[in-house]
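Each chain carries a letter (A, B, C, D, E and F) given by its place in the written order, and its residues are counted from 1.
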Amino acid sequence: MSDQWLESLITVDPQTGYELAIKLSRMGVKYTQPSDDIRQRLRPVYGEDGNSLIASSHVIATHFQTVAAANNYWRD
Amino acid sequence: MSDQWLESLITVDPQTGYELAIKLSRMGVKYTQPSDDIRQRLRPVYGEDGNSLIASSHVIATHFQTVAAANNYWRD
Amino acid sequence: MSDQWLESLITVDPQTGYELAIKLSRMGVKYTQPSDDIRQRLRPVYGEDGNSLIASSHVIATHFQTVAAANNYWRD
Amino acid sequence: MSDQWLESLITVDPQTGYELAIKLSRMGVKYTQPSDDIRQRLRPVYGEDGNSLIASSHVIATHFQTVAAANNYWRD
Amino acid sequence: MSDQWLESLITVDPQTGYELAIKLSRMGVKYTQPSDDIRQRLRPVYGEDGNSLIASSHVIATHFQTVAAANNYWRD
Amino acid sequence: MSDQWLESLITVDPQTGYELAIKLSRMGVKYTQPSDDIRQRLRPVYGEDGNSLIASSHVIATHFQTVAAANNYWRD
(Lines give C-alpha, C1' and ligand atoms only; values in the text may rest on other atoms or scores of the structure.)
Protein backbone atom coordinates (compact mmCIF):
# COMPACT_ATOMS: atom_id res chain seq x y z
CA MET A 1 0.00 0.00 0.00
CA SER A 2 2.16 2.83 -1.23
CA ASP A 3 -0.55 5.49 -1.38
CA GLN A 4 -0.21 8.50 0.83
CA TRP A 5 -3.35 8.42 2.97
CA LEU A 6 -2.21 9.99 6.27
CA GLU A 7 -0.43 13.30 6.19
CA SER A 8 -1.05 14.68 9.65
CA LEU A 9 -2.87 14.01 12.89
CA ILE A 10 -3.76 17.68 13.23
CA THR A 11 -7.35 18.56 12.39
CA VAL A 12 -9.34 21.78 12.43
CA ASP A 13 -11.84 20.62 15.05
CA PRO A 14 -12.88 17.65 17.22
CA GLN A 15 -15.38 16.23 14.76
CA THR A 16 -12.84 16.17 11.94
CA GLY A 17 -10.53 14.49 14.44
CA TYR A 18 -13.18 11.90 15.17
CA GLU A 19 -13.58 11.21 11.49
CA LEU A 20 -9.82 10.78 11.17
CA ALA A 21 -10.03 8.23 14.01
CA ILE A 22 -12.59 6.32 11.95
CA LYS A 23 -10.27 6.37 8.96
CA LEU A 24 -7.37 5.11 11.09
CA SER A 25 -9.60 2.27 12.33
CA ARG A 26 -10.63 1.26 8.83
CA MET A 27 -7.08 1.35 7.54
CA GLY A 28 -6.13 -1.20 10.22
CA VAL A 29 -8.67 -3.57 8.71
CA LYS A 30 -7.52 -2.77 5.18
CA TYR A 31 -3.83 -3.42 5.89
CA THR A 32 -4.74 -6.73 7.55
CA GLN A 33 -7.07 -7.79 4.74
CA PRO A 34 -6.01 -5.92 1.60
CA SER A 35 -8.57 -7.58 -0.70
CA ASP A 36 -11.40 -5.15 -1.45
CA ASP A 37 -13.61 -8.08 -2.45
CA ILE A 38 -13.25 -9.93 0.84
CA ARG A 39 -13.73 -6.78 2.94
CA GLN A 40 -16.81 -5.91 0.86
CA ARG A 41 -18.23 -9.36 1.51
CA LEU A 42 -17.58 -9.20 5.27
CA ARG A 43 -19.03 -5.74 5.85
CA PRO A 44 -22.76 -6.66 5.90
CA VAL A 45 -21.98 -9.53 8.29
CA TYR A 46 -20.30 -7.52 11.04
CA GLY A 47 -22.41 -4.46 10.23
CA GLU A 48 -25.43 -6.36 11.49
CA ASP A 49 -23.79 -7.86 14.56
CA GLY A 50 -24.17 -5.68 17.64
CA ASN A 51 -20.98 -6.97 19.23
CA SER A 52 -18.96 -6.25 16.09
CA LEU A 53 -20.32 -2.72 16.02
CA ILE A 54 -19.36 -2.20 19.66
CA ALA A 55 -15.88 -3.58 18.95
CA SER A 56 -15.52 -1.23 15.97
CA SER A 57 -16.55 1.67 18.16
CA HIS A 58 -13.84 0.63 20.66
CA VAL A 59 -11.14 0.80 17.99
CA ILE A 60 -12.35 4.26 16.99
CA ALA A 61 -12.23 5.32 20.66
CA THR A 62 -8.62 4.17 20.92
CA HIS A 63 -7.58 6.13 17.84
CA PHE A 64 -9.58 9.14 18.98
CA GLN A 65 -7.46 9.23 22.15
CA THR A 66 -4.39 9.57 19.96
CA VAL A 67 -5.85 12.18 17.62
CA ALA A 68 -7.27 14.22 20.51
CA ALA A 69 -3.92 14.23 22.32
CA ALA A 70 -2.14 15.21 19.10
CA ASN A 71 -4.46 18.21 18.84
CA ASN A 72 -4.04 19.12 22.48
CA TYR A 73 -7.76 18.38 22.76
CA TRP A 74 -8.56 21.36 20.54
CA ARG A 75 -8.35 23.40 23.73
CA ASP A 76 -6.67 26.47 22.34
CA MET B 1 -22.74 12.31 7.86
CA SER B 2 -22.29 16.04 7.37
CA ASP B 3 -24.12 17.16 10.53
CA GLN B 4 -22.17 19.00 13.14
CA TRP B 5 -22.53 16.86 16.26
CA LEU B 6 -19.26 17.47 18.12
CA GLU B 7 -18.15 21.00 18.76
CA SER B 8 -15.89 20.66 21.75
CA LEU B 9 -14.56 18.16 24.28
CA ILE B 10 -14.84 20.74 27.05
CA THR B 11 -17.77 20.25 29.41
CA VAL B 12 -18.98 22.07 32.49
CA ASP B 13 -18.58 19.14 34.85
CA PRO B 14 -17.58 15.44 35.03
CA GLN B 15 -21.09 14.08 34.56
CA THR B 16 -21.64 16.09 31.39
CA GLY B 17 -18.25 14.79 30.30
CA TYR B 18 -19.39 11.24 30.97
CA GLU B 19 -22.49 11.82 28.89
CA LEU B 20 -20.33 13.16 26.07
CA ALA B 21 -18.30 9.93 26.30
CA ILE B 22 -21.54 8.00 25.80
CA LYS B 23 -22.36 10.08 22.75
CA LEU B 24 -18.87 9.49 21.31
CA SER B 25 -19.36 5.74 21.84
CA ARG B 26 -22.72 5.71 20.09
CA MET B 27 -21.43 7.75 17.16
CA GLY B 28 -18.79 5.07 16.57
CA VAL B 29 -21.59 2.56 16.09
CA LYS B 30 -23.56 4.97 13.93
CA TYR B 31 -20.68 5.74 11.57
CA THR B 32 -20.00 2.00 11.20
CA GLN B 33 -23.66 1.13 10.63
CA PRO B 34 -25.40 4.26 9.30
CA SER B 35 -28.79 2.62 8.83
CA ASP B 36 -31.17 3.73 11.60
CA ASP B 37 -33.37 0.70 10.87
CA ILE B 38 -30.63 -1.86 11.36
CA ARG B 39 -29.29 -0.19 14.53
CA GLN B 40 -32.87 -0.03 15.89
CA ARG B 41 -33.28 -3.74 15.25
CA LEU B 42 -29.97 -4.67 16.91
CA ARG B 43 -30.43 -2.60 20.06
CA PRO B 44 -32.77 -4.96 21.98
CA VAL B 45 -30.45 -7.87 21.16
CA TYR B 46 -27.25 -6.46 22.64
CA GLY B 47 -29.19 -4.52 25.28
CA GLU B 48 -30.17 -7.83 26.84
CA ASP B 49 -26.77 -9.48 26.57
CA GLY B 50 -24.61 -8.93 29.65
CA ASN B 51 -21.37 -9.21 27.71
CA SER B 52 -22.48 -6.63 25.15
CA LEU B 53 -23.39 -4.24 27.95
CA ILE B 54 -19.98 -4.69 29.54
CA ALA B 55 -18.31 -4.13 26.16
CA SER B 56 -20.36 -0.96 25.65
CA SER B 57 -19.31 0.24 29.07
CA HIS B 58 -15.67 -0.37 28.08
CA VAL B 59 -15.99 1.86 25.01
CA ILE B 60 -17.52 4.58 27.18
CA ALA B 61 -14.61 4.21 29.63
CA THR B 62 -12.10 4.68 26.81
CA HIS B 63 -13.80 7.85 25.58
CA PHE B 64 -14.19 9.11 29.14
CA GLN B 65 -10.39 8.96 29.50
CA THR B 66 -10.13 11.32 26.54
CA VAL B 67 -12.84 13.70 27.70
CA ALA B 68 -11.51 13.78 31.27
CA ALA B 69 -7.97 14.56 30.07
CA ALA B 70 -9.32 17.27 27.76
CA ASN B 71 -10.96 18.89 30.76
CA ASN B 72 -7.89 18.53 32.93
CA TYR B 73 -10.05 16.23 35.06
CA TRP B 74 -12.26 19.18 36.05
CA ARG B 75 -9.66 19.81 38.76
CA ASP B 76 -9.65 23.57 38.66
CA MET C 1 -31.12 10.19 33.46
CA SER C 2 -31.18 13.64 34.98
CA ASP C 3 -29.92 12.69 38.44
CA GLN C 4 -26.65 14.11 39.60
CA TRP C 5 -24.50 11.05 40.32
CA LEU C 6 -20.97 12.28 39.52
CA GLU C 7 -19.74 15.46 41.10
CA SER C 8 -16.00 15.06 41.03
CA LEU C 9 -13.22 12.65 40.14
CA ILE C 10 -11.25 13.69 43.20
CA THR C 11 -11.31 11.21 46.07
CA VAL C 12 -9.69 11.11 49.48
CA ASP C 13 -7.62 8.00 48.84
CA PRO C 14 -6.88 5.28 46.26
CA GLN C 15 -9.49 2.83 47.53
CA THR C 16 -12.26 5.41 47.31
CA GLY C 17 -10.95 6.14 43.83
CA TYR C 18 -11.19 2.47 42.97
CA GLU C 19 -14.76 2.37 44.18
CA LEU C 20 -15.56 5.41 42.04
CA ALA C 21 -14.11 3.49 39.07
CA ILE C 22 -16.57 0.69 39.82
CA LYS C 23 -19.41 3.18 39.87
CA LEU C 24 -18.32 4.66 36.56
CA SER C 25 -18.25 1.13 35.07
CA ARG C 26 -21.72 0.33 36.31
CA MET C 27 -23.16 3.59 35.05
CA GLY C 28 -21.94 2.68 31.56
CA VAL C 29 -24.11 -0.41 31.71
CA LYS C 30 -27.01 1.55 33.17
CA TYR C 31 -26.98 4.24 30.48
CA THR C 32 -26.86 1.54 27.78
CA GLN C 33 -29.64 -0.53 29.36
CA PRO C 34 -31.76 1.83 31.51
CA SER C 35 -34.30 -0.81 32.54
CA ASP C 36 -33.68 -1.87 36.14
CA ASP C 37 -35.65 -5.05 35.50
CA ILE C 38 -33.55 -6.21 32.58
CA ARG C 39 -30.25 -5.39 34.32
CA GLN C 40 -31.46 -7.25 37.43
CA ARG C 41 -32.25 -10.28 35.30
CA LEU C 42 -28.87 -10.26 33.54
CA ARG C 43 -26.73 -9.84 36.66
CA PRO C 44 -26.76 -13.48 37.87
CA VAL C 45 -25.91 -14.65 34.34
CA TYR C 46 -22.73 -12.64 33.85
CA GLY C 47 -21.92 -12.78 37.56
CA GLU C 48 -21.36 -16.51 37.19
CA ASP C 49 -19.41 -16.36 33.95
CA GLY C 50 -15.67 -16.07 34.49
CA ASN C 51 -15.09 -14.25 31.21
CA SER C 52 -17.75 -11.67 32.00
CA LEU C 53 -16.18 -11.05 35.39
CA ILE C 54 -12.76 -10.56 33.78
CA ALA C 55 -14.30 -8.18 31.22
CA SER C 56 -15.97 -6.22 34.03
CA SER C 57 -12.67 -6.00 35.83
CA HIS C 58 -11.12 -4.62 32.63
CA VAL C 59 -13.67 -1.81 32.44
CA ILE C 60 -12.96 -0.95 36.08
CA ALA C 61 -9.22 -0.91 35.29
CA THR C 62 -9.80 1.55 32.44
CA HIS C 63 -11.81 3.91 34.64
CA PHE C 64 -9.31 3.53 37.47
CA GLN C 65 -6.61 4.88 35.12
CA THR C 66 -8.70 8.01 34.69
CA VAL C 67 -9.52 8.45 38.36
CA ALA C 68 -5.92 7.80 39.43
CA ALA C 69 -4.58 10.36 36.95
CA ALA C 70 -7.20 12.88 38.10
CA ASN C 71 -5.92 12.47 41.64
CA ASN C 72 -2.29 12.69 40.61
CA TYR C 73 -2.06 9.11 41.86
CA TRP C 74 -2.68 10.28 45.42
CA ARG C 75 1.06 10.95 45.53
CA ASP C 76 1.00 14.14 47.53
CA MET D 1 -16.77 -4.26 51.26
CA SER D 2 -15.61 -1.96 54.02
CA ASP D 3 -12.13 -3.45 54.48
CA GLN D 4 -9.15 -1.29 53.79
CA TRP D 5 -7.25 -3.18 51.07
CA LEU D 6 -5.60 -0.38 49.05
CA GLU D 7 -3.57 2.23 50.86
CA SER D 8 -1.25 3.51 48.19
CA LEU D 9 -0.18 2.99 44.59
CA ILE D 10 3.45 3.60 45.52
CA THR D 11 5.61 0.47 45.70
CA VAL D 12 9.27 -0.13 46.42
CA ASP D 13 10.08 -1.63 43.04
CA PRO D 14 8.53 -2.68 39.68
CA GLN D 15 7.83 -6.26 40.68
CA THR D 16 5.92 -5.21 43.79
CA GLY D 17 4.08 -2.82 41.49
CA TYR D 18 3.23 -5.67 39.17
CA GLU D 19 1.89 -7.68 42.06
CA LEU D 20 -0.25 -4.72 43.11
CA ALA D 21 -1.62 -4.65 39.54
CA ILE D 22 -2.62 -8.29 39.98
CA LYS D 23 -4.38 -7.45 43.23
CA LEU D 24 -6.23 -4.56 41.57
CA SER D 25 -7.36 -6.94 38.80
CA ARG D 26 -8.63 -9.52 41.26
CA MET D 27 -10.48 -6.95 43.31
CA GLY D 28 -12.42 -5.96 40.19
CA VAL D 29 -13.70 -9.51 39.96
CA LYS D 30 -14.41 -9.62 43.68
CA TYR D 31 -16.44 -6.41 43.73
CA THR D 32 -18.45 -7.65 40.73
CA GLN D 33 -19.03 -11.10 42.22
CA PRO D 34 -18.70 -10.81 46.01
CA SER D 35 -19.55 -14.46 46.74
CA ASP D 36 -16.39 -16.35 47.64
CA ASP D 37 -18.17 -19.61 46.83
CA ILE D 38 -19.08 -18.63 43.29
CA ARG D 39 -15.64 -17.18 42.54
CA GLN D 40 -14.02 -20.34 43.93
CA ARG D 41 -16.17 -22.44 41.65
CA LEU D 42 -15.39 -20.38 38.55
CA ARG D 43 -11.62 -20.23 39.03
CA PRO D 44 -10.72 -23.71 37.71
CA VAL D 45 -12.91 -23.08 34.65
CA TYR D 46 -11.25 -19.88 33.43
CA GLY D 47 -7.87 -20.98 34.82
CA GLU D 48 -7.83 -23.73 32.20
CA ASP D 49 -9.08 -21.62 29.31
CA GLY D 50 -6.28 -20.01 27.34
CA ASN D 51 -8.42 -17.08 26.24
CA SER D 52 -9.49 -16.32 29.80
CA LEU D 53 -5.88 -16.35 30.91
CA ILE D 54 -4.94 -13.92 28.13
CA ALA D 55 -7.88 -11.69 29.09
CA SER D 56 -6.76 -11.76 32.74
CA SER D 57 -3.27 -10.81 31.67
CA HIS D 58 -4.75 -7.86 29.75
CA VAL D 59 -6.48 -6.53 32.85
CA ILE D 60 -3.23 -6.82 34.78
CA ALA D 61 -1.45 -4.92 31.97
CA THR D 62 -4.00 -2.10 32.20
CA HIS D 63 -3.57 -1.76 35.96
CA PHE D 64 0.20 -2.02 35.63
CA GLN D 65 0.12 1.07 33.39
CA THR D 66 -1.53 2.95 36.25
CA VAL D 67 0.79 1.67 38.96
CA ALA D 68 3.91 2.26 36.84
CA ALA D 69 2.86 5.84 36.08
CA ALA D 70 2.10 6.43 39.76
CA ASN D 71 5.64 5.36 40.59
CA ASN D 72 7.14 7.45 37.81
CA TYR D 73 8.25 4.11 36.35
CA TRP D 74 10.61 3.56 39.29
CA ARG D 75 13.07 5.67 37.30
CA ASP D 76 14.60 7.57 40.16
CA MET E 1 14.40 -14.47 17.77
CA SER E 2 17.76 -12.75 17.77
CA ASP E 3 17.24 -10.63 14.64
CA GLN E 4 17.30 -6.90 15.00
CA TRP E 5 13.89 -5.80 13.74
CA LEU E 6 13.16 -2.68 15.81
CA GLU E 7 15.74 0.06 15.96
CA SER E 8 13.70 3.11 16.81
CA LEU E 9 10.16 4.34 17.36
CA ILE E 10 10.94 7.57 15.54
CA THR E 11 9.56 7.81 12.03
CA VAL E 12 9.61 10.51 9.36
CA ASP E 13 5.86 10.97 9.22
CA PRO E 14 2.53 9.68 10.63
CA GLN E 15 1.92 7.13 7.91
CA THR E 16 5.33 5.53 8.40
CA GLY E 17 4.48 5.53 12.10
CA TYR E 18 1.23 3.76 11.38
CA GLU E 19 3.06 1.14 9.36
CA LEU E 20 5.48 0.65 12.25
CA ALA E 21 2.44 0.08 14.49
CA ILE E 22 1.33 -2.67 12.11
CA LYS E 23 4.76 -4.26 12.31
CA LEU E 24 4.70 -4.11 16.12
CA SER E 25 1.28 -5.81 16.07
CA ARG E 26 2.46 -8.60 13.78
CA MET E 27 5.59 -9.21 15.82
CA GLY E 28 3.39 -9.84 18.87
CA VAL E 29 1.75 -12.67 16.96
CA LYS E 30 5.09 -13.95 15.71
CA TYR E 31 6.72 -14.07 19.15
CA THR E 32 3.67 -15.93 20.50
CA GLN E 33 3.55 -18.37 17.60
CA PRO E 34 7.05 -18.56 16.09
CA SER E 35 6.18 -21.21 13.49
CA ASP E 36 5.90 -19.62 10.05
CA ASP E 37 3.90 -22.62 8.87
CA ILE E 38 1.23 -22.35 11.54
CA ARG E 39 0.89 -18.56 11.15
CA GLN E 40 0.63 -19.01 7.37
CA ARG E 41 -2.14 -21.53 7.85
CA LEU E 42 -4.09 -19.33 10.28
CA ARG E 43 -3.94 -16.13 8.24
CA PRO E 44 -6.73 -16.90 5.71
CA VAL E 45 -8.98 -17.95 8.60
CA TYR E 46 -8.83 -14.75 10.63
CA GLY E 47 -8.37 -12.66 7.48
CA GLU E 48 -11.91 -13.58 6.49
CA ASP E 49 -13.47 -13.13 9.91
CA GLY E 50 -14.78 -9.62 10.48
CA ASN E 51 -14.31 -9.79 14.23
CA SER E 52 -10.69 -10.90 13.89
CA LEU E 53 -10.03 -8.00 11.53
CA ILE E 54 -11.54 -5.55 14.00
CA ALA E 55 -9.45 -7.07 16.81
CA SER E 56 -6.31 -6.75 14.68
CA SER E 57 -7.16 -3.14 14.00
CA HIS E 58 -7.48 -2.61 17.78
CA VAL E 59 -3.96 -3.91 18.40
CA ILE E 60 -2.63 -1.60 15.69
CA ALA E 61 -4.48 1.31 17.35
CA THR E 62 -2.83 0.52 20.68
CA HIS E 63 0.65 0.47 19.16
CA PHE E 64 -0.09 3.59 17.14
CA GLN E 65 -0.74 5.42 20.42
CA THR E 66 2.78 4.52 21.50
CA VAL E 67 4.45 5.40 18.21
CA ALA E 68 2.54 8.68 17.91
CA ALA E 69 3.50 9.71 21.46
CA ALA E 70 7.13 8.77 20.76
CA ASN E 71 7.10 11.11 17.78
CA ASN E 72 5.39 13.88 19.70
CA TYR E 73 2.53 13.37 17.25
CA TRP E 74 4.71 14.64 14.39
CA ARG E 75 3.63 18.09 15.51
CA ASP E 76 6.88 19.92 14.96
CA MET F 1 6.06 -16.62 43.41
CA SER F 2 8.89 -15.15 45.40
CA ASP F 3 11.46 -15.09 42.58
CA GLN F 4 12.84 -11.79 41.49
CA TRP F 5 11.94 -11.60 37.80
CA LEU F 6 11.46 -7.86 37.21
CA GLU F 7 14.17 -5.47 38.30
CA SER F 8 13.60 -2.48 36.09
CA LEU F 9 11.51 -1.17 33.21
CA ILE F 10 14.54 0.53 31.69
CA THR F 11 16.04 -1.23 28.68
CA VAL F 12 18.92 -0.43 26.36
CA ASP F 13 16.81 -0.15 23.21
CA PRO F 14 13.24 -0.48 21.87
CA GLN F 15 13.54 -4.12 20.87
CA THR F 16 14.71 -5.15 24.32
CA GLY F 17 11.79 -3.12 25.64
CA TYR F 18 9.43 -5.02 23.37
CA GLU F 19 10.80 -8.30 24.66
CA LEU F 20 10.27 -7.11 28.22
CA ALA F 21 6.64 -6.36 27.27
CA ILE F 22 6.31 -9.97 26.13
CA LYS F 23 7.70 -11.16 29.44
CA LEU F 24 5.27 -8.93 31.36
CA SER F 25 2.41 -10.40 29.30
CA ARG F 26 3.46 -13.98 30.00
CA MET F 27 3.88 -13.35 33.70
CA GLY F 28 0.24 -12.22 33.85
CA VAL F 29 -0.77 -15.63 32.58
CA LYS F 30 1.64 -17.37 34.96
CA TYR F 31 0.41 -15.56 38.06
CA THR F 32 -3.19 -16.38 37.10
CA GLN F 33 -2.42 -20.03 36.34
CA PRO F 34 0.70 -20.98 38.31
CA SER F 35 0.70 -24.64 37.21
CA ASP F 36 3.40 -25.21 34.60
CA ASP F 37 1.62 -28.38 33.51
CA ILE F 38 -1.68 -26.70 32.77
CA ARG F 39 -0.05 -23.77 30.95
CA GLN F 40 2.02 -26.23 28.90
CA ARG F 41 -1.12 -28.08 27.93
CA LEU F 42 -2.99 -24.91 26.93
CA ARG F 43 -0.23 -23.38 24.84
CA PRO F 44 -0.70 -25.42 21.63
CA VAL F 45 -4.44 -24.73 21.78
CA TYR F 46 -4.31 -20.93 21.84
CA GLY F 47 -1.10 -20.92 19.77
CA GLU F 48 -3.11 -22.26 16.85
CA ASP F 49 -6.11 -20.00 17.29
CA GLY F 50 -5.84 -16.77 15.33
CA ASN F 51 -8.02 -14.84 17.75
CA SER F 52 -5.97 -15.94 20.74
CA LEU F 53 -2.81 -14.82 18.99
CA ILE F 54 -4.33 -11.42 18.25
CA ALA F 55 -5.45 -11.13 21.89
CA SER F 56 -1.94 -12.02 23.07
CA SER F 57 -0.52 -9.38 20.77
CA HIS F 58 -2.94 -6.86 22.33
CA VAL F 59 -1.64 -7.59 25.83
CA ILE F 60 1.93 -7.13 24.59
CA ALA F 61 0.91 -3.81 23.01
CA THR F 62 -0.52 -2.61 26.32
CA HIS F 63 2.65 -3.48 28.22
CA PHE F 64 4.81 -1.99 25.46
CA GLN F 65 3.05 1.35 26.05
CA THR F 66 4.21 1.21 29.65
CA VAL F 67 7.76 0.15 28.88
CA ALA F 68 8.13 2.71 26.08
CA ALA F 69 6.90 5.52 28.33
CA ALA F 70 9.26 4.38 31.10
CA ASN F 71 12.14 4.69 28.67
CA ASN F 72 10.98 8.05 27.37
CA TYR F 73 10.54 6.25 24.05
CA TRP F 74 14.30 5.74 23.76
CA ARG F 75 14.33 9.24 22.26
CA ASP F 76 17.55 10.47 23.79
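Keep in mind that, in the parts below, a residue touches a chain if its C-beta (ideal position, glycine included) is under 8 Å from a C-beta of that chain, and two chains touch if they have at least 3 such contacts.
Remember, it's a predicted structure, so these values are computed and weren't measured experimentally.
Asks: Give me the set of chains touching chain B intersected with the set touching chain C.
Replies: none
Asks: Would you mind working out whether chain D and chain F touch using mostly the same residue numbers, over half shared, or mostly different ones?
Replies: Here the answer is different, because the shared fraction of interface numbers falls below one half.
Asks: Measuring centre to centre with C-alpha atoms, which chain is farthest from chain C?
Replies: E
Asks: Turning chain A onto chain E with a C-alpha fit: angle in degrees, nearest 5?
Replies: 60
Asks: Which whole number of Å gives the spacing of the CA centres of chain B and chain F?
Replies: Centre separation, chain B to chain F: 31 Å.
Asks: Whole-Å distance, chain C centre to chain F centre, using C-alpha means?
Replies: 27
Asks: Report the inter-centroid distance (CA atoms only) between chain C and chain D in whole Å.
Replies: 15
Asks: Show the residues in chain B shared as contacts by 2 or more other chains, in ascending order.
Replies: Residue numbers touching two or more other chains: 49, 51, 55-56, 58, 62, 65, 69.
Asks: Can the chain contact pattern be summarised as a line, a ring, a star, a complete graph, or none of these (other)?
Replies: If you draw each chain as a dot and join those that touch, you get a single closed ring.
Asks: Listed in ring order from chain B, and going the way that reaches chain C first, which chains are there?
Replies: Moving from chain B on to chain C and continuing, the chains are B, C, D, F, E, A.
Asks: Give every residue of chain A touching chain E within the complex, in rising order.
Replies: Listed in rising order, the residues of chain A that touch chain E are 4-10, 24-29, 31-33, 38-39, 42-43, 45-46, 49, 51-52, 55-56, 58-59, 62-63, 65-66, 69-70.
Asks: Spell out the part of chain A that touches chain B in their complex, as residue ranges.
Replies: Residues 13-15, 18-19, 22, 47-51, 53-58, 60-62, 64-65, 68-69, 73-75.
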